């Protein structure tokens, strides 16, 4: 099989893509997409470590499972916040929300 | 053979992930994200985590993606290509990302995981089930509270009084 | 009276509570209450002075109570010859300034409330024997003073209040660091000043020097020593008259008292090293203050700068490191409190009538206000160090002390004293002499104003003619300090 | 001891009225006479109360009485009493009549205490006390700007000298010596420090006795009431400087340099002031410069070793100069001007004043047998014996000029024709009585120092027992000198003879120089006063812009920094995210760098 | 298992309370009634806490640890929740909408925090923190029709989602490195050595980022001011004490609990961050005119002082937690005063003349502000004093200097409020009334600040037990 490191490289890449999206994209929904990528990168790690390190109680997979649930919850709240703001301002672009500053 | 499958899946994941955050159209981005998540599900299958793969497809591709599409539909005009998608800190952002990637890749390649090979232990569904109800009972219970809170939160914020 | 000192410290605070109970409309009652409590403090302090054992060098009336034993902080108070004079000064000026508070008409209740808190802070500072307690009282003074200047002050009161607050705060936080530093430097760790007087001198020279300079900075701001003095003119000028009296009379002494309580006994080696610095700063203060004062057109500002000048003598006395210097220095503190306190009262008297403090508005007041002329001349003479009045004794002792060590500085200071003389004589000439300006129909000082000044005049005379009346209290303590050096 | 009663009386009763003051000083005078009668040979000293301890040296309040003290006591009390009597008339009608007597009494008390003090510090204290009274009395008519300024000038200028005295005291203290006059004999003679101390003490004396270059205050001090000028600026206080030198004479005699300095300064003052007096037109200014000149003469005598001569002249001078001032006061009282060019022929209207004034003038000019003659004669002898021709010449010149300007004053004021429009009249008897008494003293006092009394004074003051002999040559010489001066004045003033070459340009500048008092005031103005004002102004600006500016600068820079930091909070969340990610990355790099030992 | 259940009885009580509140909200109970219910369940939970079994047992297979630190922190969380509830009950809400949900969220957040502070497993820590975060986003957005409140919620979410995402990735790396997420297990693995240090540093920084976000340390503090300003006053007050204390507790748990985590490469980091945090916080507050923003930045600066304690060795931890306890009272008091005396997003002008209009309120507010600034003899001084003491003891002189220098800076803006209240006058003289619950929270905090300033023994004794 391929070495563990290669899978971690994949997850690291995914993580960085997520960071890239977070840092450079204006659209709040794109931000959510990026965060999903970050969470999935962590999940890949967890599953891979679980497989390679062989945790007997399946911690990695259990954690990943829980994270999927959390990610769902976070997405829900995140999207509803985006929509709440959109309702008031008709915009989803993060750099336009700067009433609160200084 | 095995390795080739992995690299194929990895290529799929990486490529669609990049596209999901770079394509101009947010809707397309969501589609690419779905593809990424699907690829990750395949990866789970590849890593002998079939249950997780199924859940990934069900929850993410089925549930969360639907949410995304709804949200996009509610907020954006499809095909509005004229609007800039990249903010004003593209270069610093890219720089940070690139540095981070370089550091992480270097660390991973130097790290202990190059030599680690897969153990024989296979986490099957029973193991997961047993763990969730014994050792990880509290998180399992707690996440229900979390979901409830998120749900209530979504309702509170989302509902509009007529 | 086992808890006499504690009583003294917290009596004003009790007064504050009592005042808080009175509805703010009952101005006269509030005033009377404040006066009663301050009078009680004065009485208690007098009692301490009477019971004080003049042959004892150590602390008397000591009280000690563990407070935060984890870091060995004690509530510890006591009085010795050095602090006694200052406590008496505080109580006296506190009482008189309270009595002289007639010009405050707005927010009287709040005024006396913070005034009482201020009193507690000042008395506590002079009586505390634990560095942390000392620091606490020291800082307690800041906020009331900030209010007193900022609410009841003159035109630029806010600026003055800010400046006062931050300048002195900057000094005191450095002191806090030094306090913590000395705590860890000595073995066993302690904040107790009495123990520190024994253990701190054993520290290495470098450490002593560093801690000394930190403490000195804190005190220098308060004293104030050039070039850290610029808060003083602003604060003094903007503060209402009774507050100026307290500010000049007592607050500045907190700094000099700190020198005696901390810098001298704890860091004898560092004192030897930096005595020249103190001396030079003292001389600079003396001359610089007098010259800057001379150029002022504002009566009150001039007095304020003259305070800077007088504080130079205190520094010179400390730098002398001998009995004459110390005695002179402590006496000068006391005298300056009395004299400058009276000076500010006198400035207040004309300000209330003229509503300006510019010299150009005055002139020839001797003809229309003879009583005022008497008091102003008297105090000006005391200020310029006329022998026979108290100012001279302190100055002479300081000079005699410093001459032994730094003769050149003493000579420079003696010559600089001429500037002080010019300063005050010219002031008298500008304010009192000459032809009175037209349309001035100011009344002479009333009985109340005279009553406040008379005790101060008497003290000035008594100390001037018979310095031992004060010196006898401090002699033993000073001897002990000198011996420890 | 009863002397302290003097002080107590003077101070306590002074505030009442003139009569109380006069009574008090009269009592003091009586007591002084008593002291004189009971004085034990060699003097007596009484230590009374411990005052302060300076570095282990106890300073006590004490009284020292010896012949010098007694002489001063007598002078002060007698002259003081007479002048106070005179003042009752002179100051009549002044709004601050009682305050005047309060000040005078305070002065008397301080002066007596000064004379009685047994150590330098006590002396210094009352030294300043008399200075203060002088200042207050000079500025007594403070409504006049000139008077107010003169008061300040008097105090400040003497204070410059006092600073020297103070430092001198400090030197003595610091080198561990006693400040008591009685112990001064035991000081180490060769010590340079002691010479410095002596010179500094002399600086104090210079200030008080208005010696060059600190004499400038005395002429200005004439702004005060004339009776004050008589008491303080002629008879007593200014003599305190001479007294101080005499009192600490042992300190000076031990150091030739110190003594020479005294003599030289005295000589310069004597000649310079005498020359100025010749050109002054204000009667009080003439007398003031004359005082400076005579004090210089005393200093000269002391400096040349003529201890007895100096003190003798001090005493006689006190009487006749007080007389002159009072006479001048009487004149001013009558004609309401001080300019001698506007007087003349007053002797006809003011007989008593005129005659007594002339007696005083003759005494001052040194005409036999008036008091001044004998004391000046003593000085001449002392200088002659001192052997320095320059100093002797200076004394001679002074003496000549003295005779000249006194004659000038008399010719212009009392003789000749009246040029005054004012209706002059004789002063009331309360003023003329002291004049007469003083005139008696001025005329007769010299005899106690004359060979006819076998040099009673000299022996009294030095404690020695020597016979004084007539020195006929010297008598003739000095009499001729004085007469010469008077004659010259007669020629110039009365006859209007012009000196050859006096119109020439070469002389003009000299006369202008003298008439402008050698420009010393102007030099001070340029060299000291203006720079001081400029310095103060500069320091104030420095204080505001630099010292305070630095403080405000710190605050301002903190505020500016805060403004910048606040702007970091842009309100744009992507900036926050960038900060966050960048910060974390930076943290990571630092830690990794440390791990790899890069840093 | 029984003991595990016993251990979480307080949380169970809270859960029941939360559900009851949800129901109560649905049935339209008044806000005040709901408030009492919430307070009741918090009090009951607090009482139940004292009945939990003694330290030492394994709880939920190590998901939670039953130790004295966790116990004390849980008690603290209850205290913070109680104060927040009291303040919420005293606050003048604009309407009755979503009242039940509001208290539900508060209780749910409390549960998350109590579980987080007693967690024994990174998995549990992550879940609890994430739950708290999600609830916080909603709370910040509570005024959902308000531009500011929604913006605050969204910003909080955007910042928080990234932070917790990064933390999660770090946790996954720790799993890969140690093979377990159990804190004790990780500790053992770290102690055994042989772990790839750079990778551990990467994981450490990532976890740190997530926790520092909660504790609002620079550079993870940027959200604080915006979120506080947009959120309702009681919510902002809650954020400033609850999640912040949680962040510190977890930092201690993860980083200081297992020194191997931070042995290599981390020297000086905490000191630098502490200095940066207090300085930037104070500087940013310097020119603020919005009082809530000002207090928000002040809370950032205060976090810097706490971190200064943590950066000063073992005794410093004690000092830091002493600080946190005192801070909870004084900051809550300050927020409550500001909330009761002004309105949402009030600026300094709104405080003019309060010395007249609400003498008692203005006085108490001044006490809190002065205590926050660290002036004796109030508790805030002692807290700062102990931190400085520990910093000097640990030879962190620069740190100690920074603390005192910053306290000067801080005085400036605290005094600005006091100045507005006392020095300046307004035309309006109508008195301001504070409701009873509000008075209670003010008096409670005031007593704590004054009494603990003069007599800090109770807190010190507890801390002596917690950190032996």
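Every chain is named by a letter (A, B, C, D and E) in the order it is written, and numbering of its residues begins at 1.
Just so it is clear, a residue touches a chain if its C-beta (ideal position, glycine included) is under 8 Å from a C-beta of that chain, and two chains touch if they have at least 3 such contacts.
Quantities reported herein were computed from a predicted structural model and do not represent experimental measurements.
Hopping across touching chains, the smallest step count from chain A to chain D is 1. In summary, the chains found to touch both chain A and chain C are D, E.
The pair of chains sharing the greatest count of C-beta contacts is A-B.
Farthest from chain D, judged by the mean position of CA atoms in each chain, is B.
Centrality annotation: C (chain centre taken as mean Cα position, compared with the mean over all protein Cα atoms).
With centres set at the average Cα position, the gap from chain A to chain B is 6 Å. Chain B and chain C have CA centres that are 72 Å apart. Note: centroid distance chain C to chain E, computed from Cα atoms, is 44 Å. The distance from the centre of chain B to the centre of chain E, each centre being the mean of the chain's C-alpha atoms, comes to 31 Å. Across the assembly, chain C contributes residues 166 that each touch 2 or more other chains.
In chain A, the positions touching at least two other chains are 4, 8, 15, 18-19, 22-23, 26, 32, 43, 48, 53, 55, 59-60, 66, 70, 73-74, 77, 81-82, 84, 94-95, 97, 99-102. Along chain E, residues 123, 127, 130, 134, 137-138, 141, 144, 153-155, 158, 162, 166, 176, 198, 202, 225-226, 288 each make contact with two or more other chains.
Looking at which chains touch one another, you get A-B, A-D, A-E, B-D, B-E, C-D, C-E, D-E. Those residues of chain D lying in contact with chain B across their complex are 574-575, 578, 581-582, 585, 588-589, 592. Put simply, chain C touches chain D in their complex at residues 163, 166-167, 226-227, 229-231, 288, 291-292, 294-296, 322-324, 327, 364, 366-367, 377, 381, 386-388, 392-393, 396-397, 399-401, 403-404, 407, 410-411, 414-415, 417-419, 421-422, 425-426, 429, 432-435, 466-468, 471, 475. Those residues of chain C that touch chain E in the complex are listed here as 68, 70-71, 110, 132, 135-136, 139-140, 142-143, 146-147, 150-151, 157-158, 162, 165-166, 169-170, 173-174, 176-177, 180-181, 183-184. Of all residues in chain D, those touching chain C in their complex are 50-56, 121, 124-129, 132, 135-136, 139, 142-143, 145, 147-149, 151-152, 155-156, 159-160, 163, 166-167, 170-171, 173-174, 532-533, 535-537, 539-540, 543, 547-548, 550-551, 555. Only residues 87, 89, 92-93, 96, 99-100, 103 of chain B touch chain D when the two sit together in their complex.
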